[in-house]
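To keep things clear, I will list the structure first and then write my remarks on it.
All chains are identified by letter, namely A, B and C, in their written order; residue positions are counted from 1 within each chain.
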Amino acid sequence: MFYLFIDILGTVAFAISGVLVAMEKKLDVFGVFIIAFVTATGGGTLRDLLIGNTPVAWMLTPLYIVTIAITVLVAIVFVRHLSRFRKSLFLFDTIGIGLYTMVGVEKGLEAGLLPIMCIALGTMTASFGGVIRDILCNEIPVIFRKEVYATVCILGAILYFVLVNLSVDAKWAYVSGITFIIALRLLAVRFKLSLPNIHGAK
Amino acid sequence: MFYLFIDILGTVAFAISGVLVAMEKKLDVFGVFIIAFVTATGGGTLRDLLIGNTPVAWMLTPLYIVTIAITVLVAIVFVRHLSRFRKSLFLFDTIGIGLYTMVGVEKGLEAGLLPIMCIALGTMTASFGGVIRDILCNEIPVIFRKEVYATVCILGAILYFVLVNLSVDAKWAYVSGITFIIALRLLAVRFKLSLPNIHGAK
Amino acid sequence: MFYLFIDILGTVAFAISGVLVAMEKKLDVFGVFIIAFVTATGGGTLRDLLIGNTPVAWMLTPLYIVTIAITVLVAIVFVRHLSRFRKSLFLFDTIGIGLYTMVGVEKGLEAGLLPIMCIALGTMTASFGGVIRDILCNEIPVIFRKEVYATVCILGAILYFVLVNLSVDAKWAYVSGITFIIALRLLAVRFKLSLPNIHGAK
């Protein structure tokens, strides 16, 4: 029940981020829906395929597809009444990343994977939807640009395992991981932190 | 037998559409074959992966790979003797879309999915090959451009379920779905129908 | 043991080719790691997904992820002390292609596929990592450019089946396939061989 709620919230957050990118590209209604759908389900689909959870999660219940459809409709109406959404795009993207990372970690644990693989799986769950969104919209994926992104997912997932090993209740460790990822990414962008560039100077 | 025939016909149609795009990009013989192969098998591969039908369909029989190889050879010879193929590209793409949508719906039903998921699966089967083709050839996917595309797949798949619910024989509902998709897309492009653009004016 | 060694060597070779492309694009440390990881595991992941080997190979042991991490670190340090790496990029890419083609053929045989499907699977194992690398780095995939690439994989895989049918020991046939692919690609590029372009003059 708790995990389902988190999953739906992440779906909404990523779907909105997909809508905003797609609308900037002036796609038609269905193009917008498809990009929102791919952004919201892409990471989880890759996750399920890699661990062999088929049919993939979104095919087993109408919950996700209906959530995304409603989100797209609401987002389109909402967008009409506001002018600029760059900040919201970033915020929703960040919330989605935090939520999906931990959902991915959880599924990795269920599949009996090693912690390092759970961390990788969580990071891929969080990033892949955005990567496809950007590739389909012909943009260089956000994840490869100059800000931290995958790094915060990995650190948040590591925090989860550290807390669980310190006997913190799994649910609290879970929420801490999500909060940490969201907070760290917001701070990183606020203070323009970025990973060291290997080329020195530039 | 009937479904196999439809499947092969769709493979030929999509392979030709792949050949035409690849030749326009002046790829070498193998590049052309790869693009044709990916266009023809991409949608079905995604479909089989999502529902867990592995090894995927084209690996279980030499039928598809041989069909595509022959199609590519014939298409290359054929292309040499004609000058412009824009219209054929569009026509073959349309036929492939109609056929693959219904093959996807059928496989979804076999996997016990809900009608809404069968419709989504059919649409993805029909669109994904073309999306990879366009991404590999560095074009913005046709599906996201200004004409209807996914919409006709969805409407055709819905028509199938409506007809079946009205007790129409499944095979006739199937053929009706395919015909409807092909006819609607041809009409839509002929009369320049397109989905409402969310940005109003433009 | 023998196959594991080949697999690790291919992982190192492809990871380095990923590092070099990613550094040319001036990505940050994590971007470089991700591209290296995707280049090294992309082909094998596609291979495992297509034949239904899930969880995919790299998730079942920390071996690959650790190998890639070490390779990336060493490659970054190594790169700092040398100026130009175009030739090494090409060489490592070629070694990776030879190794992965035969690993793919081997896995296809284990899955009971027909020789023609093993050849296709080997070629996809060898090419897909590089294709994703190039797509993510916004380059037209090397595989579709004017040099031979998939062709040598296919010829090498065919050589393997020919030798095995001539009762050559499987291990020697395996090594011959790898060597043939590497040698043929180096020769092809050295002497600027390329497949006939279908457009004649060009």
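Definition applied: contacts are C-beta pairs under 8 Å (C-beta built on N, C-alpha and C of every residue); 3 or more make two chains touch, one makes a residue touch a chain.
Keep in mind it's a predicted model, so treat the numbers as computed, not measured.
Taking only C-alpha atoms, you rotate subunit A by 120 degrees to land it on subunit B; that is to the nearest 5.
Shared residue numbers account for under half of those found at the interface formed by subunit A and subunit C, and the copies are therefore classed as meeting with different residues. With centres taken as mean Cα positions, subunit C sits 30 Å from subunit A. In subunit B, the residues that touch at least two other chains are 49, 52, 135.
Here subunit A touches subunit C in the complex through residues 49-52, 111, 113-114, 116-117, 120-121, 131, 135, 140-141, 143-144, 146, 148-151, 194-199, 202, going by the rule given at the top. By the touch criterion given at the top, residues 23, 25-32, 34-35, 45, 49, 52, 54-56, 59, 62, 65, 76, 79-80, 135-136, 138 of subunit C touch subunit A in their complex.
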